[in-house]
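After this come two complexes, each holding subunit A, first together with subunit B and then together with subunit C.
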Partner chain A sequence: MIAKLLRRNETYLFFVIMAFSLVVTMINPTFLTVENMFDLVKSSSGMAILAVGFFVGLLAGGIDISFPAIAIAGQYIAVNTLIALGVDNLLLAFVLSCAVGTAMGAINAFFISAFRMPALIVTLGTSNIFHGALLVFVGTRAINTGQLPDCFKAFGHMHVLTLTRADGTTYGLSVFAVVLLGIIVVTWFLLKHTLLGKSIYAVGGSYESSKRAGFSINRTLFFVYSYIGFLSGIMGVMHLSLIRYSNPNYIVDTELLKVIAAVVIGGSKITGGSGTLVGTLLGVVMMVILEKNLVLIGLSSYWHQFFTGLIIVLGVSITHYQSKLQSKKSLSFAD
Partner chain B sequence: MASFLEVKNISKAFDGVQALEDVSMAINAGAIHCLVGENGSGKSTLIKIIGGVLKPDKGEIRIDGKLFRPGRAIDSIRRGIQIIYQDLSLFPNLTAAENISLNQLIEKGNKFISEKNVIKTSEKALMEIEEECDLFAKVENLSMSKRQIVAISRALTQNARLIIMDEPTSAITKAEIDHLFSVIMRLQAKGIATLFVSHKLGEVFEIAENVTILRDGRKIGDYAAGELDNDKLTFLMTGQKIVSTPYVRDPENLADANLLEVKNLSRKGHYRNITFAIKRGDILGITGLIGSGRTELALSLFGLNRPDSGEIVLEGRSVEINSAEEAIKLGVGYLPEDRLLQGLFVEKSIGSNIVVTIVAKLLNRLKLISGAKRQRVEYDWIDKLKIKTPSAALPASSLSGGNQQRVVLAKWLATNLKLFVLDGPTIGIDIASKSNIHDIIRDFAGEGVGIILISDEIPEVLQHCNRALVMREGRIAAAIEDITRVSESDIFDMATAQNVDQVR
Partner chain C sequence: MIEKVRRGKSEELTLVIITVGAVAAMSLFLPDKFLTLTNFQSMASQFPEYGLLALGIMLTMITGGIDLSVVSIANLSGVAGAMVLASHTKALALGLSPATIIFLAILAALAVGAICGFINGFVITAVGVPAIIATLGTNGLFMGVAIILTEGHGIRGFPEEFLFIGSGTILHLPMPLIIFVLVASMVALMLRKSSQGFKMYMLGSSPLAARFSGINNNKVLIKTYLLSGLLAGIAAIIIISRVNSMRPGYGYAYLLLGVLIAILGGTNPDGGRGGVLGLSMAIVILQVLQSGLNILSFSPFLKKFIWGLILILVMVITYFQTYTWSGRRLIQNSLKTGAS
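Now for the complex of A and B:
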């Protein structure tokens, strides 16, 4: 059992996170407090959701980089519709944002499956189309806190667990955690216990074999990219509720690199077909801790960009090096 | 005995080219049958028709005497026909258990999967052939022969009655082949028939009962395996007699000095204390099981696998070869085991593939590639090696296996080699091309190139080399100076360490 654990990437990543947290706690004792942890969960659950989506795409062998554009499109269309209709309903906002997201994901899926094009190239194009269309047809005006329907603010403040500080004030675990948990459970179940989930691995592992086995590849791809769009839609609403401000010009592209970094450091192969959900989530934790604590350990926040890039390169290199070791064992000198 | 499967008078044409003409064949329940023919003889077309992938233009298929018209692959699978393609069609990133049971789950239309069920299904299938396998291991980490077991088990989960195996012995060692055969025998005992599809002579005849031979889309005949021998089969498959005489080095015209000396070469975990020498015109065979260190040694000579200690002396000069580039400069060429992956730019033109190693020699005064020079060299080699193509501009992928291998040879031979290391040069190539490639190799040895020929096939070494090394577990188990004095079974014993004490 232990030997098996030691062979897994996740174990190492876990220890790295532990060690890093220890260092940070020594410098700043408030780091390892329940309140700070709750705070981290709230601020990073959006990124975690995007990472789950990106991970599912990678499993199917595709790099989908359109999720920031989809998230902002879903968010901005939802909030504008609510304001225009004068409705203050969170559910409607979610339905709208997710519908927009799913539709955009389906468009991605169409190009990827119909023309057998690499997802990276397709989504590089479509993310500009989506964002451009949003600015042209919906608007460029930012929605500030004052104009924001109350349901978003309420959602941002909603707690599922409330604790009291020594001075009598309260803090709590955001409802975001429940949304994230729900998505994790659904995705886990999907990948582990459904044929559709296995078909995602199968398509990412071998296209030809999937065809011969009788998987409907187009249906699988359609699901994968729509699901990424759907998750981006959820993230869009959460992001808005968190920062209480919607700016269609601000495409969440810093999220893009952070998400990719999280997934690859989590041990997913950038070439597709392999990786774990646990690894992905650990990768997110790693990125979040790094982001929040660079200043603490005496580095300016500009270093964050540097480290994000470094992690992508390192993460890909490590995973690639490991599979090279494997192939050396079986005597193929392919690279 | 009643036939399980009968195909009668099948014809099929593609764009006016007759791939199959009036071919009939019957496979008995539980039989071990062999379908042989050269590349392009129509074997794959025939199995695709049986498998429901292609529709015949004429003729009929009967299962258990009843007419059967498959519309799609799944129709054949439902009637118990399973095709295991050469690439095995497995999912490298899924576990053995998932690979074994997925197809059955798709067929059943299950939406949900229970891991317990997956394991149970896989265990049951493995038990049927009395095999074991780490069910939780990813298939990419399994050996080729284990992967075959996984593929066979997968076929069993769908109630196979006939398993068609496309070239099952080309990627596994002798010991693994024997193992595969014992599995096939167990299938036979259960009444499951096996159809081997092959263009290779040898192993499969050990257990096949009947052999159907195709040539140019027509059936040459059905034979009992016992009435065929290598020569007869070669003749039936190719329509030509291929005579081979053992290779003899010509000592008159070639210098006697050693071209290459390897002294005490070692690399930890790969090979130990390797010492040997080659003269110009030698064809030195290196044989041994996969993992015996032969490929690793070859890579070291080509600068791709740095030795830890020892010395390489080329033409009397001690050299260090640290990269392929240095090797080429020294006149050393290497033809890798995996021609498609490592030896060829399959999407580039045939011509580009030929000149890729000698671009520097094609430059004109402006240091640009001279089109005229380039074309001359390309067509020179296409003629010389009889590469069958209408144009040097076509992609290398348009060629058959044998012709692709000739392109790779041309690429190297164009560089004026002194020493040429060939790793499995005839793997997966049909007999006629094979003999042509052997002729090319002999010609170049005759002109004074030193050749190292690494091969799995002991008969190939016996016929085309004048000397040989047998490697086992990273060491030279035996050095044979006069190849005419040993037999196939001698070498096999040396390579596998059976009776090795007596041999020493």
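Now for the complex of A and C:
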């Protein structure tokens, strides 16, 4: 059991996170408090959801970089419809945002599966199409807190667990945690216990062998990219509820790199077919802790992008160096 | 082999027709605004920046990879060059001539570009990371360094003489155009006549076959990414001279444009095919379109939308060109049975 655990990437990542948290707590004792943990969960659950989506895409062998554009499109269309209709219903917002997201994901899937184009180039194109279309056809005006329907604000403040501080004021665990947990459980179940999940791993491993094993590549890819779009739609509404402001011009490029970095240090192979959900989530935790504490170590926020890039490069290097060593052992000529 | 060459020719013919068509349409509909010397001069000084970046992307695509970090390399090289230039008042006091400072700045930009390219090549070959993710990571890394160096501020205050590179003209020809033509011809010569060029096409067609025929794949790849970085460095020199300042984050849209140009120009992202001639025509098509959209004062968002649309469209058309009728039927049949 222990020997098996020691062979896994996740174990090492877990210890690195532990060690890092320990160091941070020594410098800043408020870091390892329940309140701070609740805060971190709330502010980073959106990123975690995107990471889950990107991870599923990666498993199927494709790099989808359109999710920031999809998230902003779903969010902005949903909030504008709600304002135009004068309705104040959170469920409708989620339905709208997820519908927009799923539709955009399906467009990605169509081009990727029907023409066998590289997912990265397709999504580079479609993310510009989606974002450009949003700004041209829907609008460019930002929605500020005053105009925002109340349901978003209420959703942002909703707690599932309320605790009381020593001075009598309260704090709590945001409902975001429940949404995130739900998505994790659904995705885990899908990947581990359904045929669809097996086909995602198989298609990511090799188109040819999965085809011969009788999996439908097109159907699998269609599901994967629509699912990424769906998750992006959820994230769009959550992000809006968190910052209570919707700016369609604001497209989160730094978020994109952070999500990729998180998934990559989680040990997922960029060529598809290999990786675990646990690894991805640990990767997210690592990225969040690092980001929140760079200032503590005395580095300004200018260092964020540098570190994100460095983590991606180091993360993929380690994962691929391991597989290179393995393929050398098995006398492969094709590396 | 003969089949392939013929198809390449017909593809270039299609590009020629589109190019002529685009120019003709613009001249017909907007003669007073499009057909002016100023418009042509402004077009010719705009495209070399992203044209050079597209050249780098094309080279890496020929070997079957991709370089997503070109814009960041250009930014970092630009910052390096700008830092040297911005210190010119101090350097003048030390007795250096403006020419020396400009020379040093160009050297700094090129060196940084080459080093960044080498880092890409090293990560890709020594560790065996797929180019797509390696350069996506270094993209953040290089931009991060540029941001750290400048702390997000712009760098200003260059010597007057330096601005000639970006905005000067010789016989009405803008300097950026002259630089681009020179560099592109050199790259074309390298691809067609040198052994490096031949090996790049071989490697892109089949890495395994290239290896078995005695090609040192890693060496070829490192040289390719180094070249791509160097091209980004040259683009950086033009950028800082034309804009007369440098701020990290410049030209974020150039990545899409560069990939679009490379693919429109007939480069196969799977490797083995592509050339400078097709690329140059793709640049002309896009620059003419861009100029037309600017004259009609389309919003930048609509342009973004159109670029994305063209990229997808070109990929779909290439797909149908690659799979001729019989091949297409084969695919349709296999699609029906649920396989690829």
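Keep in mind that, in the parts below, the second predicted complex is superposed on the first by the 332 of 335 C-alpha atoms of A that agree within 3 Å, B and C clash if a C-alpha of one lies under 4 Å from a C-alpha of the other, contacts with A are read in each partner's own complex, and residues count from 1 in each chain.
The rule is short, and it goes like this: a residue touches a chain if its C-beta (ideal position, glycine included) is under 8 Å from a C-beta of that chain, and two chains touch if they have at least 3 such contacts.
Being a predicted model, the structure only gives us computed values, none of them experimental.
S.K.: With both structures fitted on chain A, tell me whether subunit B or subunit C touches more of subunit A's residues.
M.R.: Looking at subunit A, the partner in contact with more of its residues is C.
S.K.: Of the partners subunit B and subunit C, which touch A:Val136 in the superposed model: first, second, both, neither?
M.R.: The second partner, subunit C, only.
S.K.: Tell me which partner A:Gly273 touches in the superposition: subunit B (first), subunit C (second), both or neither.
M.R.: first
S.K.: Check the residue A:Gly205 against both partner chains and state whether it touches subunit B (first), subunit C (second), both, or neither.
M.R.: It touches subunit B, and subunit C stays clear.
S.K.: Thinking of the overlay built on chain A, is A:His239 touched by subunit B (first), by subunit C (second), by both, or by neither?
M.R.: The answer is neither, since A:His239 touches no partner chain.
S.K.: Give one of first, second, both or neither to describe whether A:Lys42 is in contact with subunit B, with subunit C, with both, or with none.
M.R.: neither
S.K.: Go through the superposed model and pick first if A:Leu124 touches only subunit B, second if only subunit C, both, or neither.
M.R.: In the superposed model, A:Leu124 contacts subunit C only, not subunit B.
S.K.: Going by the contact definition given at the top, which residues of subunit A touch subunit B in one complex and subunit C in the other?
M.R.: Overlap of subunit B and subunit C footprints on subunit A: residues 333-334.
S.K.: For subunit B, which residues are in contact with subunit A within the complex?
M.R.: 73-74, 85, 87, 89-94, 98, 102-103, 105-107, 110-115, 138, 140-141, 143, 290-291, 295-296, 299, 304-305, 336, 338, 341-342
S.K.: So in the complex, the part of subunit C that touches subunit A is made up of which residues?
M.R.: So the residues of subunit C touching subunit A come out as 66, 123, 127-130, 132-134, 136-145, 147-148, 151-152, 207-208, 211, 252, 255-256, 259-260, 263, 269, 299, 301-309, 311-312, 315-316, 319, 335, 338-340.
S.K.: Show me the residue ranges of subunit A that touch subunit C in the complex, using the header's touch definition.
M.R.: Contacts found on subunit A: 63, 111, 115-118, 120-122, 124-133, 135-136, 140, 207, 211, 216-219, 253, 257, 260-261, 264, 270-271, 300, 302-313, 315-317, 320-321, 323-324, 333-335.
S.K.: For subunit A, which residues count as touching subunit B in their complex?
M.R.: The contact residues of subunit A facing subunit B are 192-198, 201-202, 204-206, 208-210, 212-215, 273-274, 326, 330-334.
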